[in-house]
Amino acid sequence: MDVRVQAAPFDFGAEAAAFAAGRADVGAVVTFTGIVRDDSGDLRAMHIEHYPGMTERAITAIAEEAAGRWALGDVLVIHRFGAMAPGEMIMMVATAAPHRADAFAAAEFLMDYLKSRAPFWKKEVTSRGAAWVAATEADEAALGRW
Amino acid sequence: MDVRVQAAPFDFGAEAAAFAAGRADVGAVVTFTGIVRDDSGDLRAMHIEHYPGMTERAITAIAEEAAGRWALGDVLVIHRFGAMAPGEMIMMVATAAPHRADAFAAAEFLMDYLKSRAPFWKKEVTSRGAAWVAATEADEAALGRW
Amino acid sequence: MTLDLVYFAWVRERIGAAGERVETQAPTVAALVEELRAREERYAAAFADLSALRCAVDQELADFDAPLDGAREVAFFPPMTGG
Amino acid sequence: MTLDLVYFAWVRERIGAAGERVETQAPTVAALVEELRAREERYAAAFADLSALRCAVDQELADFDAPLDGAREVAFFPPMTGG
């Protein structure tokens, strides 16, 4: 299990390739990548604040919960904080499992919990100023399925 | 939409990175990679046979069905045929969408249909000889959820 | 009519050929299977259990009661195992 | 007891500080919030609606009725928006 919280960009292709390489013990690798999305065409930057003492511990607890629920070969979580431009990658998760259903379920579980239970807060900067991204009821409701 | 059926290995990291790069229009990219799994420790090779005239068309139809059901920015499917060693990558799908639920659902749909409705047949070679991999009831049942 | 038949996986192995061209008046895939079964033991073995087989007409998955009118290529194979 | 308070996102902005050290006898997080609300208008504004807030005690998510006995750090922040 590998959990990283960092300001620096990460190399998604290299991370995904290294995670999936040489695994004859698993048949399925799922990755999820979150990207700074610009719906309005007016987004200048996204700033992500986090809780330095708590973040890594909270993510590790979520990943351990996933490892306990599904038969996984490995889990990777990388999550950035700080300033990012539209199109930049915010975070990724990767799961490896003998069977695809486990790899998919664990990746979706990780994403649902990272969205609402890991201490990150997003702020969007547009031409009209800066605004905190509000949590959605859909994101909170997504936890109910696990 | 990009569908490729080929004997040659593909570079998962490079494909995943290129697929996800520079997309400010989508917030979510999901990839799935299928790997030759050696449960017994005795697998020497996997051979995948396919139906050359039909394969690409069948996969394209499945990808178009996914694009019609979910709000997707893009879809990639690469599937190999021929001989592969344990740990080698058999295939990958990638989906890009504004929202993660759509990217995950489309990737799972693609996998369920590729498993049971694209014309590929797997044969495993061990020290005891070669045997065709049987389709499972679970794989057929997985189609029922869509 | 003239039909190209193609076989995959263990269907190909039991019949001992990847494909062949046949002349037939069979109205459906199922009727074609009956004709083939009657030809030789290896066909009877390959087509013994239709529930273990799948077919495609002109490279589209089809049911065994699909009509052959206008068809050019019929494929027989076991359930697929891709992904 | 002495507690380190830390604030994130718009809670930090409304209070105008990333954190502070306080002396309190509050038995629960909710009681601590009552004390803070009474201090100054900016605290009253930050803690106006508890349903819009989340808290952590010693870097673990907690409910507002969580006891503070033995706690060293309490954090206040809006619902998280990671991923």
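Chains: A, B, C and D, in written order; residue numbering restarts at 1 for each.
We take it that a contact is a pair of C-beta atoms (placed from the backbone, for glycine too) under 8 Å apart; a residue touches a chain by one contact, two chains touch by 3 or more.
Keep in mind that this is a model prediction, so the values were computed, not measured.
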- Tell me, which chains sit next to both subunit B and subunit D? A
- Message: How many angstrom lie between the centres of subunit C and subunit D, each centre taken as the mean Cα position?
- Response: 72
- Task: Give, as an integer number of Å, the spacing between the C-alpha centres of subunit C and subunit B.
- Result: 26
- What is the distance, in whole Å, between the centres of subunit A and subunit C, each centre taken as the mean of its C-alpha atoms? 48
- Task: Among the residues of subunit A, pick out those that touch two or more other chains and give their numbers.
- Result: 34, 100, 111
- Task: Spell out, as numbers or ranges, the residues of subunit D touching 2 or more other chains.
- Result: 83
- Query: Name the touching chain pairs, please: which are they?
  - Reply: A-B, A-D, B-C
- For the complex, which residues does subunit A have touching subunit B? 11-14, 16-18, 20-39, 43, 86-87, 89, 98, 100-101, 103-104, 107-108, 111, 142
- Which part of subunit B faces subunit C closely enough to touch in the complex? 34, 48-49, 51, 53-54, 57-58, 79, 90-91, 111, 114-123, 132-135, 139-140
- What residues of subunit C sit close enough to touch subunit B in their complex? 6, 8-10, 56, 59-61, 73, 75, 77-83
